[in-house]
Each structure stands twice: as structure tokens, then as C-alpha cells.
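The following pair of complexes shares a single chain, chain A, combined with chain B in the former and chain C in the latter.
Right, the complex of A and B next:
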């Protein structure tokens, strides 16, 4: 028997898609009116484009060492943003570094999102023992202040960009799992879930067709609020020497390099720092805007 | 209340058990043999085998775990490879420095955060509110290690108002005044993110309370506006703020890692980073255990405080 044999399920589905489409148009309009969020989106698009186009842009070689042009100030001919302690072009290093920072943040977020969503959906949907076991595991993860957990994991895996990425992903699983679980709990009690079940739909079908589509809004908000944090965190691990190892460099390791020369050349820390703040601010503004537009319930909670 | 307390205590014990297993496993997942690292590349294979047996590393994992936990409970966390000293006293003295830093930061964060939050809520949607919101957003977007370096350039190098690093000057006798001078910049840097979080939280809580009927009733009865804001609204906000304590403690302990590194503050965070880079595993393991345990205890305390202040929690 398919679920379409039940007349109520059919009406429910029709009204759902109709209301769904109208409800989807409204948040986008609301988001478009939010100037800060749009500004954030613009910054993200520009940085992403620059990072993607780095190989074809007319940039100096980011790793070309030029000892005669060390620590040149911004505005120097041939180096708009100046050079670092080895005479490497800072603008070029920033754009190439953006590839590393963005890639790590996006990959780490995808890992944390997939594992966290899986746990959150299973715990929220099945409840009972499954919920208890998963949530106690999450409690253990949450018992570590997040940076500490990342550091402990990097210490186990060994310093390096990939390991830093894995550590940051693991640390954030709890963030997604808990929030997805509570989103699932609020959807689970809806009448259309009962209707689908009454119509004979199995667990997998209900999760895939009825639960997941309805928790996408809060998930989008979670990701956008979380990615900025991941950019900072990657930079932080690289800054203390646990992330990117030479010759790879991201914005955090650029800050670490510049730190030894802050007395003579403060621009070497200003430029990567401003880049981080700009990108993180952009993600946070967009995340805030998305949250207000899509899911007002999430207002001010979490980190 | 008693049932709630027992329940919370029990779950804290379970979490601590999980924490201990995880900390233990982290060391055993570590690539590279700690014994080979301890003895260095010139060690003979026979020596490595002997030391491994001496340290009990040839026993089955559960046996090693039980031995490690029972020693840890007696305060024996092993010896640091680099410093060749017992781990626990070293960790505790460094933890003290972190606590001084974190408490100072918490004082700054709570006083300024509460103030900004209340001002924002009272001026809802006016210019002041927007400026505070923008400032809060900027504050959470700035990495502490970068803000700290800028602070050093501006206040230590250019203006020469404050010392650039450390907890006390390298020479001379330590005093409260010197400690305070060294504390200002790291504490202010560390306070930035929690301050923004508190300001945003206070604002939304205040707005929620201010829109409730008892506030309107109070105003209708003729209670002055300032009194309604302070007594009725702010008082109710404070209870909700207790829930933030645990979160704030986490932010402070995490941020301390970076702030301590930038300002060479002799806390547990900078100790751990050094220990990882030098592969000093007993310090890392002990440090993670000490911080995680105190964090679990802070969260337990937060929940109990909250239950004591708000009866709705313990009844359900």
C-alpha cells in the first residue's frame, strides 16, 4: 500500500508543498532586505572568487623569496600590501592563503555537519536508548572546552593542517548533533509525520522525505554561524604552530610569521588579521541574517 | 531538589568517566612510541624493551587504564619528559595563573557585557542599540591572538603604557601593582568575546522580560521606569544569566590558550601548547584531564545554582 491511498495524506502533502513554497519565498525576501547580511554575502563571494581564481590572477609567486625586499611597507612598488620577513608578496600570500583557510573551514564544516546530523537525526527520531547513548557521548565531547579538545586531538594525531581540520570537525560534531536533534524533536510531533506513519511509510522514508526537508532551514543557519568560527579556529591552531606547516601557509601561520617582527613591521600582522576579521564578520553577519529570516527560534543561544 | 542534585551528580560522574577514557585513549592513539621519544634516537632496542616493561606499557590496555586512573585519583599524573618533574604540581601552579587571568577577564566581561546589554535593550532599535550590536558582532569576529598582538603594538610598544608580556617583570620583587599592570591587556583581550556574548544575551533576555505583562502592570501602577528596568526586568534577567556561566567558562578556558601564547602568560594553556610541540605527553594528558575536570565541575555548579534560583528546573 502506498501512502497515497490515504486521502488525508494526499491533502496534507498538497497543502504542505503549497505552504512550503510560500514560506520559502518569504525568508529570502527578508534576508535580501537585511543590509548587513547582504554585505556579508558579498564579501564571502568576493573572497571565494579570489581564492578560486588565484592561479590565473596576475599575482607574484606567493613563495618566491626575495631577501633584498624584506618587510617592505604597504604601498611599495610591486607589493601593494608590502612583503613579509622573507620578501614574499603579502597580497599574493593572502589570496593563496584564502584557499587554504576556506577549504579547511568548508571541509571541516561538511564533516561535522554530516556526522552531527546523522547522530542528531538518529537520536531525535528514535529516542529512548539510541538517544541516551548518543547524547552521553556528546556530553563527554562537551566536557572539553572546544579549543582544548581540538588541541588534544591534534596532539594525538600530530601537528599539521589535515589533522587540525579533522580535530576541528570532531569538536563541532556536538554542536550540530545537539541542534539537529532538537530540530528533529520539534518536527517529529507534527501531524504530517503521524499521517505518513499511518499511511505505512517506513522509518527511512519518513526521515528522508518528511524530517530532513523540514529541518533544512535550521541546518543552513547552523552552518553559516559555524563556518566563521571554523575559519578563526583553523587560523588559531596554525598560529600556535599546530596547523599549517611550512611551506603551506594559511592566514594563521602568516600571523605567526609576522609576530616575530611586530616591532619593525606591524603590517605583516595587520593584513592577515584584517582578512580573518573581514571573512569571519561576513560569515557571522550572513548567519545572523539567515537565522532571523529562517528560524527566529534560534535567536541568541549556542555560541 | 534532592532528586535533581543526585541525578546531576551521577551524570557528572559518568561524564568524568568518559573523559578519563578519552584522555587515556588519546595518549594510546598517538603515533610514535613514547618510550622511543623519551630515550631518543640513540637508544638500544634492549633498553627500549626494558623501559617499556618497567613503565607497564606491555600490560593489556584495561589494566593500564585502571592503574592510570587509580594513580591519577591519588594525584600522581606521572613525570614531565621535558621538565623531569612531577606533572601535577607544575599543572596546578600554571592553572593558578590561568585562573587569575580568567577571573579578571570574567569580571570585565560581565560588568561591561551586562551594561551594554541593558543599554541596548532599553534603547531598542535606536542608534545606540545598533552600535552596540555592531560592536558585539565585530568582537566575536576578531581572533583573540590578533587583538592581543595589536594591543602589544599600540599599548606596549608605541604608547609604553603597559608591559608587553609575562606575569611579573623578570627582575625585582613581585607585587600586586606589577601583577595588575601585566594583567590588564591579556584580561581585556580575553574578555572581548564573552563580553559580546553576554551583551547579546542580556539584550534579548531584557527585551523578552520587558514585553511581559507584569512589567506593564508595574508601569501602570506608577512604578518609575528606571525602577522597572532595574528591579523587575534586570532581576529576572540575572537568573537566566546563570545558564551562561558554564558557556562563558568554556569560552574563557579556550581563549586562554591563545591569549597566554601571545602575552607569554605562564598559564596552563601556553604550557599545553609548548608540551604538544615538544611531545611532552604526560603534561598534555594531565593538562587535558585537569581542565576537563574543572570544566565539568563548573557546569555541574552552574546547573545546581540555576536549579536553586529557578524552581521550575528542579520540579520537572
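Right, the complex of A and C next:
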């Protein structure tokens, strides 16, 4: 969550002026040497594959209730990770739940990224009044504690996964808008922007050909750091009952369900808990790795 | 006999708002550029040379508050922004000081050159790339056909400046503004780039406005020269005349502080003092505080740019009186 409170960590990473293909090849090599980042990437790939393949995997029905096999411990025959309070297979629910978590996180991140980048680019490129209006609006958004804002939005829209996704997207717009704006500001001061203007290019052309390509690197870092946070946020909303609605399995609602049986069947809360921690950790270490690989100057400062 | 000037600037004033107050970066500049000639603009850092260049293209971040910029008989300050965009890169092009930063690092050089061709001349992608290769050949980039696919970082500084010049001349403009095109380059490369600019002028009859602080460059290349001080043109005329017989005390000081054309062992004489700070308002002649010839009235009355004969102008009260006396 600290990636939200420390936007400066990913600020001002603009592709080096002397960058290009050589610099584009080097970060990949640097990233490949970073063990934590590679571990994170591996976890993300495995979880994504499992989630995508859920319908064809030999899994029990995630919603099939079996009252004779309630709260079975991990290792029970037919239920490797045990069952929950309604006798549903936890492994199956985890994997089907991963679909929900990843989908919500990716879609919410895409929405927040698109809107935030649009605002950031407009504010940063045009400056002046445009900048002031957008940034003051973003300040208003930032004035609310983000979890509270998300809860308020979902309460207003009504509980449900789609609304939770919209709320999470809105809450995260400010994160993208501010960071993209600062990246645009430093690209804008480059002489090649003046050169493009002097060659007769209009604002749209300059934004598309000169500004956006040169802020891709910081944006990639922003997204990878942000998605992990969004997984937590989705689970959080589901935990308080504002996200996924029963019987849809979601890691947050699994935590909430298992909470009452924490003493008799700790696995019911530990399994989804471990899954969340693992996935968030994976996204964060990949994000950190990307940041280090794409902008070596930030390696020392760090968080 | 004299043709119409391609560029005719009158009373141009560009101001910047800063914490220290209003900075008069360009403060009433008059300047003519005729077709096919190279005009040098010299002056120290902060004398308003670059602000003038950016004002001509209407790309200055400051505000143009007065004056006119007649280009081919049309006042650029009256044009709509869309019309201005059509002109930039097509009829008036500009090349920049630092070729390390004036090319987009993530775009192949052929594409960067081709972009302007595509939107000004409506060439297809393929035709633009072919033309880009031709242009790179014209600026003597070795192996031009392959180089169009290179990224800027794969080229040296001099090669990049050649690319920038190729971009500048891609639509054969009537006017090329070169803002210190050789300052960031090695001395050996500087001469090559200057030759290239001169060659381009001869081939396409493009007028060049060459901004520099290097008097040697002016002497080598420019037909005429305008000397700027504190946002104003203080002297202008044919390069040979100005160098042989400078009229404004600032020009005299400028020439006296360079080693060109002097005896070995003869000391250089720097101009004492500093130019006025940005935003500082000086009563009378802005150069008076540093001028060895300044008289009492120089500190009270600001001189105008006066024609002193032979196509030469100077902004100095001492010369003004001479001109008046000889006229009467």
C-alpha cells in the first residue's frame, strides 16, 4: 500500500535522452537477473494460467454444497486444501476466485490507467488552466482516505463485483494522473518537442508520437505496482460484503466466511490469506524489479 | 535592384512574466532577411537571440506584445495557429543547438525526417522514407539508405546534426533558422556542419538566420550580421563592413575580446561589467554602464536604431549625432 503514499518513487522516470534500442534491450537483461522479480513473474504466470484454465481443470464444482463434509482439514481425500463451512472444495474456490481477483484488478487498472493517463497527459502537456483544474479535482479525490472512498462509492452504486471494480478504478485514477503528469512534464521540456513543433506537428501528433512513447517505461512500472494493490482492494471490498456476492467465490469473501471458524478450522482463512499475500507480493516484486530495470537512477533511493 | 525581403521584422517585442517582473527578452527588434542570404545574429547568452528565433515561429513561451513579423508579405502574428502549423517545417524550418536532445530517442531517424514530409507534402509512408534517404544522402551521411532505420543513439553528434539539418531542409523552406547549430559539436565537426549549411543555401536558395555567439562562424559564413544586446539589435550591416569598421561600442568591445585577426601576444580586451539582469530596467542606453565612450546624455536617453549609410544601422547616440551632422 505504500506505493500509493509514495508516488515520488515512480515519479520523473523518463526514458533517457540517449535511450533507444540499446537501452530497450538492457532493461530486459537487467530484469532477468533480478531473482525476486523473476519469482514474482513466475507466480503471476502460474496463477494466471490456473485462473484461465479453471473450466477445464479436474476441479470440484466450487459452489457445490456438501453438508456431510464441512470444514474438512487440508489433505482430506477429494479435497487437497480441505473444505469450507458448507463443504465446498477450497482449492476449487481459490482457483475460481483467482479469476475474479485478476479480472477485477486488470479491468480496474485498465480503466484507471486510461482515464488517469488522459488526465495526466492533458494536464502535463497543456499546463496552465487545464493543469490547475484537473489537478485540483485530483486533490479532491485524494482528500478522502482511499478505502473509505471506495466503500462510499460502492455503497452508492450498490454492492456487486462490477460496482466494486468501478469504485476501485475511480479511486486509483489520481495515482496514474499525478505520476503520468510528472513524466509528461519532464518529456515536454526536451528539445525534440520544440523540434517537432518547429517542423509543423500539431499537439495531437506530438502527444501520440513524441510524448506517449517516451513515458511508456514509467507507465509500465506504475501498472505493475498498482495491480497488486488492486488485488488487495478487491479482496477488501468483498470481505466487507460489497464486492463479490454469494455464491461467487472470491478471495475476500472466502476470508470473511472462514473468519468465524478460525479456531476450529484455521485452514479456511489461511488458504485464501496465503493466496492474497502471494499474489500481491508477486506483483510488487515484479513492479520493483521493473522499476529498477527501467530506471537505474532510482535504485539507490528506493523505498 | 534589391529584391523584397523574405522576412521583415519590425518593432518585435516578446516579454516573459517572471518572479522578478516582466522580462523584455526581445525589445523592439527590426530585421530584414533577403532570399538566399545568410544573416548572423550574435550576442551574449541572454541577449534575446533564441527568444527572437522562437518568436518568429510563434513558439515562444513568452508573450509577443508588439510588432510584426512579415514573411513573404504576410504578417505571421495575424495567422491562425492552424495556418502557422502549415508554415512551420514547410516554409520556415528550424534546427537546434543540441542534436543529442533535438531528436526523439524512440523514433527511427528516417521516420522523424519523413513525418514532416508526410503532413506537409502528403507523401505516402514509403515515398517519405525514400525521400528521407535522399535527404540523408544530401547532407552527406555515409550509408544513408541503411541509416534511415537507425535510432538517434546509434549516430554520433555530428551525424545527428546532419539528420536535424535534413529534417530542416526536407520541404525546401524559404527560411531556415539555425539556433547555435554548432555549439554542442566538436571543433572539427563544426566546420563540416557550417559547410553543409552554406552548401544547402547555395543549392536551394534557402535564406538562413544563423544564431550564434561565435564571431568566427559569422565571419566565415554570414553575408550580413545583426548584433544583439539586451533584447535589441545594436548594430547591423554587411559582415565585412561590421568587422572592418564596427560602429557601436558594444560591437567594438565584442570584436576586441576575440582573438580573431590580431597579433600574437596582443592582449584580449574583455568588455567590463555585466549585461543588465533579466527584468532590470535601465534608463537610457542599456549598454551605457559598460561603455567606455558613454557620455552624460547616454544615461538619460535611449538611442534608436539609425541608418548610418551603406545599408548599416547602429543604435548609439554618438553615431546618431554623426548621422544628423552629416545629413544637415
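Basically, the second predicted complex is superposed on the first by the 276 of 303 C-alpha atoms of A that agree within 3 Å, B and C clash if a C-alpha of one lies under 4 Å from a C-alpha of the other, contacts with A are read in each partner's own complex, and residues count from 1 in each chain.
The rule is short, and it goes like this: contacts are C-beta pairs under 8 Å (C-beta built on N, C-alpha and C of every residue); 3 or more make two chains touch, one makes a residue touch a chain.
Treat the numbers as computed from the prediction; the structure is a model and nothing was measured.
Taken together in the superposed arrangement on chain A, chain B and chain C fit without clashing.
Within the superposed three-chain model, A:240 lies in touch with chain B and out of touch with chain C [touch as defined at top].
Using the contact criterion defined above for the overlaid structures, shared-chain residue A:103 touches neither chain B nor chain C, since it reaches no partner.
Contacts of A:207 after superposition: neither chain B nor chain C is touched. Of the two partner chains placed by the overlay, only chain C lies in contact with A:190; chain B stays clear of it. Looking at the superposed arrangement, the partner reaching more residues of chain A, out of chain B and chain C, is B. By the touch criterion stated above, A:137 is placed in contact with chain B alone, chain C being left untouched.
Of the two partner chains placed around the shared chain by superposition, chain C is the only one that A:198 touches, whereas chain B remains out of contact. Using the contact criterion defined above for the overlaid structures, shared-chain residue A:38 touches neither chain B nor chain C, since it reaches no partner. When the two complexes are laid on top of each other via chain A, the two nearest Cα atoms from chain B and chain C are 10 angstrom apart. Annotation: chain A has no residue touching chain B in one complex and chain C in the other. Across the complex, chain A meets chain B through its residues 36, 136-137, 139-140, 143-148, 151-159, 228, 232, 235-236, 239-242, 255, 259, 262-263, 266, 269-270, 273, 276-277, 280-281, 284-285, 288, 299-300, 303. The touching residues of chain B, when paired with chain A in their complex, are 11, 14-16, 18-19, 22-23, 26-27, 29-32, 137-138, 140-143, 145-146, 149-150, 152-153, 157, 197, 200-201, 203-204, 247, 249-251, 253-255, 257-258, 261-262, 272-273, 275-277, 281, 284, 288, 291-292, 295-296, 299.
Residues of chain C that touch chain A in their complex: 54, 57, 59, 85-90, 93-94, 96-98, 100-107, 115-116, 119-120, 151-154, 164, 167, 177.
Touching chain C in their complex are the following residues of chain A: 15-23, 190-192, 194-202, 205, 209-210, 213-214.
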